[in-house]
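Consider the two complexes below, in which chain A is the common component and chain B and chain C are the respective partners.
Right, the complex of A and B next:
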């Protein structure tokens, strides 16, 4: 079992086909995940793991729900 | 020197006055000062003693980017407290070109009096019987006004909700595309206009005096720095123009703070169907417009034009708040149904936040099924008619809760909450609790630091730092609203070292009056003081700074957080 991965707004183009069961490696972090997906690191500013906001060094494990966003605002 | 135009709606007399004691005020600071000084706080909002003030900001008429917002101030029929409702459109930048900073509607005629339109021209106001546009939807009525006054006409108008004095009634403004699609949405300002029997205010297209900065060269420099700041921030230069405000649907859902099914859950299963991404994709497929501005000089361009399945224009200014209210909170899955609801709200002149929440309460009360978009459309079409159900819906969440026996009412000071559950975004929750406006996200948008990582980071699930965050944002916001800026400039300003200074420089060079960063802060703080003082005189106390009890005892999934501030703890967010 992998993670449930979601990439939003301008990051949607990086979403892999197997997003709903994306494999993670031991010691995987948001930073390493972003690198594997080919996203420029500075393009990702909001990261959620299981609906909690985290930073680049947060670890990811199997079964997690991960959401990645570029800078966004509204209201 | 801009003047204040006062119009007596009973005697039809008017006067153009020097600003006098209201010098150096604009926008919200001006509307709130006038209401606080001139309207008895205990009066009935629909009585002759209430006033309705339209004010341009201090930068009204200027070429500074994103400075053309209008403030509409009054005693709110919805909350019973003071109200400043803010809108885009062309009205604010036009006023200074008529040597005006504000228009004040005073007094009211007998109830049997006909509705009038006010034609404001050079040093003169004409009262004209509104005739057959009374009872008409806003778009066709606005078309008739364009035909009569020319297509450069700029109007502020009410629809049938305002004519029938509903508490959700808006004032609608002419946008840059000749549509009445911009709303002073919250608090029932349209009902006050209706009580004064004014259908529309028309600003004469023929009067277009030249307005320039007093210190033109320095203004130009500040203006260019200002553009760099807005263009240099990814939220104002990429996120908002690319996806509109609805880009937030997925973010707030992911954060577990998207109020769903009348504030029962923090996540919505069909969020992807109503997201900004889906909206942009649908608009593109139907050859609508993904990005447009709501007023002249806007360089953020967060608005859009949404076409129906046949490619015909359906609505614009289709905001996150609207999509959330009908889509997540009332569980409607079809963007087309939600767009139709948005259009009906604009046609009748109704606040989409209050009406969306009211539809959710009607669903909670078993009046229509959850998520039934077609039933919601039929329901809100009744507003503005003689149908008693329409009268109830048109009066908002509290009225609907009373009528339908629903005890779950997400309101503060009788105004319903916007699209962020305060249990999971406590920074904005403190604002809902303490602002004089009632539950209002725009009064101090703590979502920035709580969720979006703009202007620092403060944990939205914990108490720490959120009272201070809310207070700082409330003061800054009141200043932004008083200068005439669009609130979204704050995303860039919060992350730019020279942001606040540049705003102050723009005001100083445009007006020619000394205006420092300290003056800017004082402008915002003093507006809040006027508002708090008015509410105290109207009978509000800190007991009114509570959120609904259910939010204290019902944990919000998925984070299972509750609202755990008491009213004493949040007082620090006031000035």
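Right, the complex of A and C next:
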């Protein structure tokens, strides 16, 4: 079992096909995940794991629900 | 008993309410008539009626979702909203219909053709006109009981404190990220909660920021926002505005918001909604 991944707005184009069961490695962090997905690090401004905001160094493990959100300000 | 109360009683009539009880109502024409005769805002007539147990017919379908006392408190409450574009236009429409008693708005912009895809107050005939003028016309046409104030200006950290003064809720309906943090700080300075929202493409968020808490503006930065490439389609704007409106009404009445210290993150492509703790 991997993680469930959500990528919003301009990050949606990086969403892998296996987003609902994306494999993670031991010691995986948000930072390493973003790198693996090919996203520029500065393009992710809000990261959350299991509905709680975290920082780039937060560790993620199998079964987590991870969300990645870029700067959004349209009205 | 005051003359206004006597007149309200005399003009009310009893009907069978939608949920089966008998109840007294007051029609729109009578609210307008009493407002003129007594020299008070329509909302004052409506508040008085509600406290007498008489329901203004125009708000009847708010009840029993808003109790008569909730409705009266909403009519007593003042909302300060910055921005009359996509979010602000739809919010104005919803707040006028709901019966938000005092609505203070600010925007220094004029309508242009590229607003027409989403901005409720924009029309082909209104292109080039100021957003505050169009908002004032809409407010008068839709709910003349509401006390409506509009400032045709872009507010700054210097002018925001006066603008927020006396209001119960601040609303961030700005476009772009550059001025949102100033408004969040001004709302904190005024000691009132702020309801904020933004979107790009099919994604968006809504937040309620209590004074001193971390808000979306602290997280999102000030530039390079995704809407510059993805734009602002109407379903996303309207959805985010509707979620904001629910919290503005709740806070105006004086109820706590379940979104305080959180962001509701929505995506209309995946049809996913998630509430994230950020404070």
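Going forward, the second predicted complex is superposed on the first by the 72 of 75 C-alpha atoms of A that agree within 3 Å, B and C clash if a C-alpha of one lies under 4 Å from a C-alpha of the other, contacts with A are read in each partner's own complex, and residues count from 1 in each chain.
One rule holds for everything that comes next: a residue touches a chain if its C-beta (ideal position, glycine included) is under 8 Å from a C-beta of that chain, and two chains touch if they have at least 3 such contacts.
In this text the structure is predicted, and so the values were computed from the model without any measurement.
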First, second, both or neither for A:72, with chain B first and chain C second = both
Check whether A:56 is in contact with chain B, with chain C, with both or with neither, and answer first, second, both or neither.
-> neither
Kindly list the residues of chain A that each of chain B and chain C touches, one partner per complex.
-> 6, 8-10, 12, 45-46, 48, 51-53, 67, 69-75
Residue numbers on chain B that touch chain A, as the complex places them | 233-236, 238-240, 242-248, 250-251, 254-256, 266-267, 275-277, 302, 319-321, 441-442, 445, 447-448, 451-454, 457, 487-488, 491, 558-559
What residues on chain C touch chain A, complex-wise?
-> 83, 85-88, 173-178, 180, 197-205, 219-221, 223-227, 229-232, 237, 263, 265, 267, 269-270, 272, 274-278
Mind listing the chain A positions that touch chain C in their complex?
-> 6, 8-10, 12, 45-46, 48, 51-53, 67, 69-75
Interfacial residue positions of chain A with respect to chain B in the complex = 6, 8-10, 12, 45-46, 48, 50-53, 67, 69-75
